[in-house]
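Okay, so chain A shows up in both of these, paired with chain B first and chain C after.
Moving on, here comes the complex of A and B:
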């Protein structure tokens, strides 16, 4: 049991009900309980806002209006979603193999840095430079996870520490590039790299959103297909489930771990290039990644490494962040906004847990028998 | 035997329990006396563990009474049961591995002093062990102990909490034969000291060796309770299974080309110590070669080198004359080698994956399922359904995870899957370990069918009865060396037993 489930079960122990673990969690219920968790959290937020003398209804209205009321809002959400979706997809892929890539921020930054390097040094047709930028970013993201991936695959070195620490190295490199070797000398005040003179083509009808938005959608579709219909996806799931069984089945486990980890880095790295090629974002400074990797990690973990869930979750979190910024301009303190983020994410996490349990009346579990619960299943326990 | 007292310690009267509408126990009467070892016998799923879980406060009965020392009790948790003096040692130990024996015994024990030095803790433990007549080094860390010693710590833990009725759930399933003998002595001593011991098992030999009385459960119904004295194994087996099923195995003498050949094979174990010394073995098509030996004498490594899961230090292995010494796992599987691994759960399946994915673990890359990158979902599902049906695996659906299957069903699934993968050679390591009589017979029939269809079978088992029953020829392994090979007809049980214990042939004959 998770700590939260233990607490819930302790609270229930004085009532005629008790928690029972579900053996199987179907995808629909898992999605519904997460949404329920988010809605419940917003109700809690609303009550807290009312209690502190704020007009919660107005604030919610302002947030919804800011996002859905105008095209700028929708585009703002999309722009924030792209980097989060890219890092989240990379992390989700690694989670399928029970590998924890905490370094997607670093891979994202290195991808963007490689794209800057290509973009400011190459002349040629825009489309060609952009393709080369994307290729460089993909390779740089993969390169940034190469050492942790080799260490994990061949020497069983825990990847959580190695990938996490490389984030700080990447951040220092970016800062150095902005202050030093690629510094924009024309802009004396702002410390940033020179600007890449190319942007991706916009989506028809949009002001600022480019075709970059299509990339995470396409990657999610490909990953979904790989895990649904290919032997590669099967092998990755087997490795994630039981590496010894994978070896027994003749799967080259170490090589697979290496390759999949490189792919997760590559996806995050490409995310860096997509971020860089949006109009108005074509240079890098130390604040280039607003902890996109962390947000992406949260999205992937809350989505349970389901790729379409990652898309939905990423869009939701991007909306939340966008609404937060708008609400700041309306005078709501940044601390309150961060607290609201926390409550909502906790609500979703609780929803994720709720999907795995059900509440039953004590001793009534036996009559219901419809869904398998802890006691109903107990094949080993009740077995002999 | 010691059971002089006839006062009952714990009693279940008309206890019933259902799970999901299926009756696990149906109005069962069960009575245990002080100073006796009471064997609770039955096949997998007969309700033995359910009954004991009710006595130990883990489940509550739907109907019926639990009476402890003359008073009716209603346990709402295991803590209530232990307060009443009933403690259970589960099949899977609940010890904290990095902590010492003394710490584990004192963990969560109300009588543990709030502040205590390591030394005082060890002394308290030592003293308690002397009282109980059960010894384990109090300062040893759990992970350093053998399984048998860990079990002793579990027993001590339960006794320390004042248990007067000790329930042991299939305690010998994880033990070597020698450790089991030691456990029997411990159990007898405890009963002699006035305690009640409920001994859950489905091994008939153990029932006869250890118990004063026995109760047989079948499909949740009590078949009989009687003194062990005078009971015979075949009688108990009949009550357990409802019918007397004896597998008739015709042993053959097969000549012809060898299917599997090992020549001078040496290999290391996981710790880098030589586990196989210069092994020569031959298995012909259509015969079962049984490997008799005490666990841990190189059997695991033998199976693994043949299936390419472990490298060789020297020597060569051929299948149908083709050298497979340096082949990959996949290549070896592709030429028709199946492997029922010793560690079914740890190696043979993925518990978090659906049954259908487990069904194709050893064949998903073949043309039947994979075309290029594409893994054909429908053919995987169809195959899994058929496998589940023919292997008589009880599962709600092929989409349920393998972790939801009972141990016996997991084993049936793996055994049948590997039998299908094995065209030329089946390596079966302890294929019936932990199975009840019926399930074991099914797995044995599967293996015999393989043999009769011309497949070569290497059967590894630490159950000598099984080796003798199944094998056409028998090889004895001891400390990684083959001590001798016999035709089934000329195999002498005592002689083989001596070789398994490391006595050389000349000594054995003399």
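Moving on, here comes the complex of A and C:
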């Protein structure tokens, strides 16, 4: 049970109702309940804004207008979405086998750092340097999760702690590079690395969005296909459902865990390189990642590790963050904006619970059945 | 075709001879052209103005006549803040400056601010949105560098003033504080007050701000006590009470007799007070945090007049960019209750000599703390040169030369 579901269950325990896990998670219902949760949360936000004397209709209108009213808004959302989608896809992949990679921010940063290293030191045709930057970023992201992956796969060391703590190490390395070994010394006072002189080609018709946007879409398509049509994907889902059973079935569980974790790091690392093509982000400083890893993690968790759900959820959260920036410039306090983010994310999380559980009336005979239903741990149909 | 509308340049430290960045910029033009081309067209679309930059040649503060040809009835100005406007420090002083400009110009000026803007790619969106909202002038209270120029390069009708910035163009110039003199005066006080001559400094990043702080402190203190030293701890943040407390405790335990820092919150003042060590604050008068051991602060009240003047110039149509940093006077603030009068007099005397040019903060011979000669006998640095300094003088520990 997720923490939120446990809380919901505890709250219900004083009522005549209880949560019952659905045996099968219907993909359409899963999507609808999440959207319903988001819409319901926005209604709650609107009521709260009205109660505190703010013009909720104007605020929602400003947010929608800022995003959809002009090309710049749509591109702004796309730019925000790229790093979030990349980290989210990495996390979603690991969640398919119930491995919790909390370190995608660190892998993202290390990927970007490796790409900067290649970009500022290599001379050559732009396309070649960019390909090498992407390769370096992918390897660096995988390398950054290598030790937690080995520890998890072969010594059963909890990956939540190891991946999380490496985030801080990565951030310190970035700070060191920005103020030390790769610092832009021509402008000694600027606290960032030198600028990478290459960026990805733009998408025709776009002002600032580059082909970086296509990468997460392509990765999502590949992952979707792998889990839909290949035995590898099926095995990973089995491991996620029950690693012991998977072992008895002859699946090389440890090696699968290792490889999948390396892939999740690699995807996040590549995201770091893609972010270098965002406007104004060709050099690295300590603020390079606005906790993209955390946002990605939220997206992956709320999407139930479904890859197309990750794309939809990532675009939604990027829109929400973009609207937050715009609303800040319209005078809405940043603290209120954070509160709005929180309410909306909680709404989606409740929608996610609604997809997997239903509320049923408790009766005497049910009391034992409640716990049995819980522990039965019906295989979670993660595909939606 | 160039890849930007404005010819943007960079203020370099005295030691740098070649701008690698400029060379790199040339290289990127070809690749970036594709991506930038679209936004160029978009920005050119409403290009009816372009007048102020060319017509307003002399930067005289023209009398605010309503008939000025390029003048405006009213303008919008926006401030982008690194922190919250009630941070008891840096951003609070800027917001006081904003309110001062608002009060001075009344109905003719509409102001707004955006707090807590960090250094990620979203910052570019913030600036772009402020441009789209029709702001005539935008002030940034920290250096956003490329995150700001990404927008300003393609928004020629909007003026930008970036504090502690290093780029300038037709619509952007940096401004800052001549605080090496203030640090020197505080150093004179520290030289008198620190019995063992050891001064502690809590800094954020190894930038010119930190170098001017520690160098001013050291040179001021050495004018009184030739054995004075400055011990530096850098904590990579301007606002983190926990890190500031760790740094302060480390320095106090090591035995410094005077503690100063660039933090935006007063934790280290309280710890100094508890340890019975003299202390001071960067941004404003914060004697309440160290009632008995408070020495002084940097007086940042020039922000108000600066903001008022820039907005007035936009109103008048006489705003012009600068090709160097616009430095504001930064006097030393009022003294704490227990600072002896003779120390106050010595500080005032040093301040007067610095102002008259009789005394220089940076006067050769000076070595950096790695033993390299930086200024020969007879050489001096003025405030504009000090603005781009990137080395600590001999006697400072805990921070190294950048180049």
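As a working rule, the second predicted complex is superposed on the first by the 333 of 384 C-alpha atoms of A that agree within 3 Å, B and C clash if a C-alpha of one lies under 4 Å from a C-alpha of the other, contacts with A are read in each partner's own complex, and residues count from 1 in each chain.
Convention: contacts are C-beta pairs under 8 Å (C-beta built on N, C-alpha and C of every residue); 3 or more make two chains touch, one makes a residue touch a chain.
These numbers come from a predicted model, not from an experiment.
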| item | value |
| --- | --- |
| Partner chain in contact with A:232 - chain B first, chain C second, else both or neither | first |
| Partner chain in contact with A:16 - chain B first, chain C second, else both or neither | neither |
| Touched partner set for A:124, first chain B, second chain C, both or neither | neither |
| Touching partner for A:202 - first (chain B), second (chain C), both, neither | second |
| Touched partner set for A:241, first chain B, second chain C, both or neither | first |
| Partner chain(s) touched by A:80 [first = chain B, second = chain C, both, neither] | second |
| Partner chain in contact with A:250 - chain B first, chain C second, else both or neither | first |
| Residue contacts on chain A - larger count, chain B or chain C | C |
| Residue numbers on chain C that touch chain A, as the complex places them | 10-13, 15-16, 18-21, 24-25, 27-28, 30-32, 34-35, 38-39, 42, 78, 84, 112, 114-116, 118-126, 128-130, 132-133, 143, 145-151, 164, 166, 205-209, 236, 388, 390, 402-403 |
| Chain A-facing residues of chain B, complex | 17-21, 24, 42-50, 53, 59-60, 62, 169-170, 200, 202, 309, 328-330, 333, 339, 341, 343, 346-353, 357, 361-362, 364-365, 369-370, 373-375, 377, 396, 400-401, 404-409, 436 |
| Complex contacts: residues of chain A adjacent to chain C | 66, 72, 76, 79-80, 126, 175, 179, 183-192, 194-195, 197-199, 201-202, 205-208, 210, 275, 278-283, 285-290, 321-322, 325-326, 328-331, 334 |
| Residues of chain A that touch chain B when the two form their complex | 23-24, 228-234, 237-238, 240-242, 244-250, 363, 366-367, 369, 372, 375-384 |
